[in-house]
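Look for subunit A in each of the two complexes below; its partner is subunit B in the first and subunit C in the second.
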Partner chain A sequence: MPYLFVIPFLLTVLSFSAQAGNIAKDPLNSPMWEYLAEETFGENATIIVDENLKIFAPTNAESNFQVPVSVDASALGKVEEIVLMTDLNPFPIAAHFFPMKAKPYFATRVKLNEGSVIHAIAKTPDGIWHMNGTFVSAQGGGCTAGPQQTAQADWADHLLEAKGRIWQRVDSERIRLSLRHPMDTGLSGDVPVFIIEEINFKDANGLLLSRFELKEPISENPVLTLDFPKGGAPLRISGRDNNANEFDVEVGTR
Partner chain B sequence: MRWGIWCVVWGVLMSFAHNSMADDLSYDLKAQKVGDGVYVFIGSTDHFNRENGGNIVNTGFLIGETGVVVIDTGPSLKYGNEMRAAIGAITPKPVRHVIITHHHPDHFLGNLAFDDAQIWAMDETIQAIDREGEGLLENMYRMVGDWMIDTTLVKPGHSINQSHMDLSGRKIQFMPLQGHTKGDLAVFDEKSGVLFSGDLAFHNRTPTTPHADIVQWMHALEQLEKHPYNVVVPGHGPVERDGRSFKQTLDYLIWLRKTLYQAAENGLEMTEVMRLDIPQRFQSLSVARAEFVRSVAYLWPAIVEETLPRLYD
Partner chain C sequence: MKRALFTTAALGWLALGALGSNAALAKVTNEDILNDDKNTSQVVTDGMGLQAQRFSPLNKINLKTVKKLVPAWTFSFGGEKQRGQEAQPLVADGVMYVTGSYSRLFAIDVKTGEELWQYDARLPDGIMPCCDVINRGAALYEDMVYFGTLDAKIVALDAKTGKVKWKKKVGDYKAGYSLTATPLIVEGKVVTGVSGGEFGIVGKVEARDAKTGELVWSRPTIEGHMGTLNGKDSTMTGVKNASWPGDMWKYGGGATWLGGTYDPETRQLFFGTGNPAPWNSHLRPGDNLYTASRLAIDIDTGEINWHYQTTPHDGWDFDGVNEVVSYNLDGKKLAATADRNGFFYVLDRTNGKLQNATPFVKDITWAKGIDLKTGRPMYSETGRPGNPMDAEGGKKGKAIFSIPSFLGGKNWMPMAYSPVTETFYVPSNEWGMDIWNEPITYKKGAAYLGAGFTIKPLFEDYIGSLKAIDPRTGKIKWEYKNNAPLWGGVMTTPELVFTGTPEGYLKAFNANNGEEVWKFNTGSGIVGSPITWEQDGEQYVAVVSGWGGAVPLWGGDVAKRIKNLNQGGSVWVFKLVM
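The block that comes next holds the complex of A and B.
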């Protein structure tokens, strides 16, 4: 008798696995979503829409060059990787975040070429990708100038200078890092692509705690906020850009 | 051949559609008398949208012995034209002078309607229009659409560098200030005691900060509060007589600045700051949440850079 119930279940599973992958449709109807998802995660990937994955960005990008976005995947439990996707940018992938010891949470700022859905896609250890998104309309409201892209003129004198701080919070140590870098996409004028590609967070013994990989859409002078478990400070933060310029700094609790 | 005919028919139809749409749009400006020979047009306290056509601003005019002095020209040619018609219904005297308080699009894009008059502004304002005018104009077309038809950029041709002037027989005192933008001109009409604050004062409407220096703005408000006046015409929101728009704007700016620095000290990130609670007394201001979020977008990156300590090896 119980077998009767198992048969429909098996049929469902079979039809499920017979499909080439299972990429959920985007509830926000971003025109690029299915193409980008297949391109990025492979046509066999399983991607589900998951409201437990929190993503926040303002509904209006006042400056197209500094659009804040935060992603919190804590409600998913263990998370292996979070991808940040700015769908309608010429280079859509903005970052790959490997939380490891850090909370599966980050906040940073991106450039937007036009109004676009921003997606966060988080991978849990079962191999499933969890997706959520938010729409940001670009160009500002009243009293707003059209933005001009002008990298700070003295960037070369301050390349990869770092600022940062650790805050003791109730259940975490929050770290904020700010780096001087033009983050040139390679799309404007005769300026070749010039971006920071990786930031690694290590403990005092050199053990890798977390890793953040940046792509073209991350804003000039990147700012990154992460949360670590308590007791980790001081941390060493190192990284490099695509021209092999490196940085390596220590951040402690004040 | 057929295609040619269809194109003509289509073109004629579209031109009807176009005209009827443009004709439907009217700002319906009503002049409000606030002093002897002094009138204002009070706009909505909302954001720019396709319903208000950009009429979110206060403008005004003074009737002198020999002519009319206009203070700010609104967001579009259409607004400027309607303003001119409304002025003509009150006085036959010609508009001889226009004063622009600052370079934001809702305050000067009606200039084309007054290009036969002398248009005056502070040097800082003229430079800002040089720098950002085209972008501001484009963005207005994007935001309010057809209301902007035929609007082009007309730069003020006369620079204000004296504190007092006699324009069309009206004695006017200029107060060159800054804080809302790099050049904010307050205009005081000596005869009536009407003080046009430009956007240094917002009344029952949340202040906007895209070009703001908050500390300078607070200093400017202190100076305005000390100045004698009978009537204050704020840049946005209703006219008042007891300086409450100065107090309200100052109160908001102090809270805004303190809130952002406090948030930076507490390690919040930008999207958390955008979601912070807004005190009850500001929630009643028009567009409170939207303008707070915009202010975070404009002011926060510099505060983070200022407050984060340098890291070394």
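The block that comes next holds the complex of A and C.
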């Protein structure tokens, strides 16, 4: 008896999932884009190219280990999540940013294993992903060569030391945070993957304001810049790496 | 194209991980842990049961069938980190959990040998393990798997995904602490010791809440140090300066580096303690409690119920860490332990009173025997290395030749007890050492020995010696001799005794007479402990292979017998071919 109900339901599901997704072609022709987009967001995702999403990175990377990238999705209005994708890295996803109370803006640094398109993909509350990208020319080796810090015998002494400050801007409070961490990708000789996985920003009462998830491509000794509405300082910032080493600092204006 | 292939492979691996996480994993309960010696479908404790008898009633692999034992699968730990593999694998709900050298933990599908996940601790450059970068195994409780790391941390991971749930520092690796023993999980507490006895650390036993890692109690092993319970000072260990001169107790050693066992019948933890520091015993007259001892500790409070010191005023590095195996015989609650000092002890485990002590290696020099009335050794007058202060210039004391060597009549490698044959199967070594004392002062993070030594074999044809010992009399029923020193654990079933050799063989012996009935070469030396379990109606045997440990680092003249042994790192699983 229940089968009568189940079969039509299954048919609906199947016909729905058979629908082709709507993933926009990459104007920069990154060879991995469609494959990665489908893997990351699912084949049914709707992804549109949107020039209102700004992504800034140098045309030429001076160092493969530290390529500055900033993403500004303010023009999209409310944004739920921003994904940073370094297409040609062995681990393409660099970060997931959940702005929540923060502005949909961040700046950080990534490693590039070779010249690559860097994509930012931002999700608005209507479920649509907005995509933009920029090409960074680079030499090889940013992810597979060991970071400078692994060569230092005392890396463990300074692990997860944090420095941060809040600046008052016209319409926001800008926080910049830097952390000591090797951010090993696990691809250089005999050094296992060792990365900070999450950074959480909280107010004085412990309420979660924003969350940033880091992946292998984020540079050694990560830096992160976010914008919060005025009146939030000081902030409590905590996080941990994949070995469960933790940090917890208060950052104020100075 | 090459690039796309690489990425696809990476994603394929992720997908496999997801698959593993979908499989419903039954939780390992306290009941599972308490009954591990009876439940043959899994192995969820080190020692195949909390009492650590390493006995399984499974008998499908027996004297008749063992000839048909063949490999089912093998798994490589990979990488360039192939050093000593001293782990005992665990098996629960179709997953094997096994640790490798350099603080690595692997979860493997026990049907196929495929890896489900792997966790590699990122180790600081400054770790100071004395005796190779080994790990002795993991522990399971609820939905978590636990292990210790070389930088003296205890890590709890999600058993399904390998993601870290919590990590706690057990000691300061820069002061010489590390953690290589298997954590012991009892009644929701994870209990650990600590390594570092060569660096003037202070040994301790600690219990943490297994769910959160919060410290419940801490019990230092050297008298004069304060214990804690629920975040407050509890009681001092012993009486300060009762058996230590001056400030020597502050860096007194007593490392609990081999972990411990638990007896559910008397609700006591049994932890052994290592050598007093420094090795030069002339600097610390007295018994030096509680070094070179066995401690019975209350699981709830961390209080010491009783202690038995095997080597009072140890001057030979005869750690007292070797495992205490609980067993019942002739209506008595007993415990046996085979010490580094060459004697096999039987204690009443309710009160620590000595029942019997017999030598299990030949020609012991340091003591003439153990006085059964007082429980103390009868020291040999010429058996202790000389005081450097009595020597000309005060630099080097009189050297002596001592049996056993400091690597012991038996070292860490666990013995097994069969309630069927009522026999202990003890992996031992026949060797001695030249040893002399030197002046030494404590410096943080530096070796704190005050002694020099060279290990020497005693016999041309063998060092290693697997012995079947009758615990009623201490009589040796049979002996298997091995060219290289034995360094792996023993496991027994109703008819068979299994152990590995540095030459690479996993061997099976007739439990009654020691006849070698099966062997298989695993490609590298075996210094881990075998297990057996049953699944889908078939009996399996598993052991890790990978030569290393203390012998190649400290072995002195033994080097000749081991120089051609190559390193490795793998798990071998065997079953009967039909």
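The criterion applied here is as follows: the second predicted complex is superposed on the first by the 221 of 254 C-alpha atoms of A that agree within 3 Å, B and C clash if a C-alpha of one lies under 4 Å from a C-alpha of the other, contacts with A are read in each partner's own complex, and residues count from 1 in each chain.
Rule of thumb we're sticking to: a contact is a pair of C-beta atoms (placed from the backbone, for glycine too) under 8 Å apart; a residue touches a chain by one contact, two chains touch by 3 or more.
Remember, it's a predicted structure, so these values are computed and weren't measured experimentally.
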For A:H96, select first, second, both or neither according to whether it touches subunit B, subunit C, the two together, or no partner.
neither
After the superposition on A, what does A:K54 contact: first (subunit B), second (subunit C), both or neither?
neither
Between subunit B and subunit C, whom does A:D190 touch in the aligned arrangement: first, second, both, or neither?
second
Which partner chains sit in contact with A:Q139 here, subunit B, subunit C, both or neither? Use first/second/both/neither.
first
Who touches more of subunit A, subunit B or subunit C?
B
Identify the partner contact of A:Q66: answer first if only subunit B is touched, second if only subunit C is, both if each is, neither if none is.
first
Partner chain in contact with A:E161 - subunit B first, subunit C second, else both or neither:
first
Quick one: in the complex, what on subunit C touches subunit A?
3-4, 6-7, 10-11, 79-81, 104, 120-122, 124-126, 151, 155, 163-167
Which subunit A residues qualify as touching subunit B in the complex?
56-58, 60-63, 66, 68-70, 107, 109, 139-148, 161-165, 167, 169, 174, 176-178, 221, 223, 225, 237, 248-251, 254
Which of the residues in subunit B come into contact with subunit A in the complex?
47-48, 56, 104-106, 132, 134-136, 138-139, 142-143, 208, 210-211, 266-267, 269-272, 274-275, 290, 293-294, 297-298, 300-301, 304-305, 308-313
Once bound in the complex, which stretches of subunit A touch subunit C?
31-32, 35-36, 39, 88, 90-92, 153-156, 182, 184, 186, 189-194, 242-245
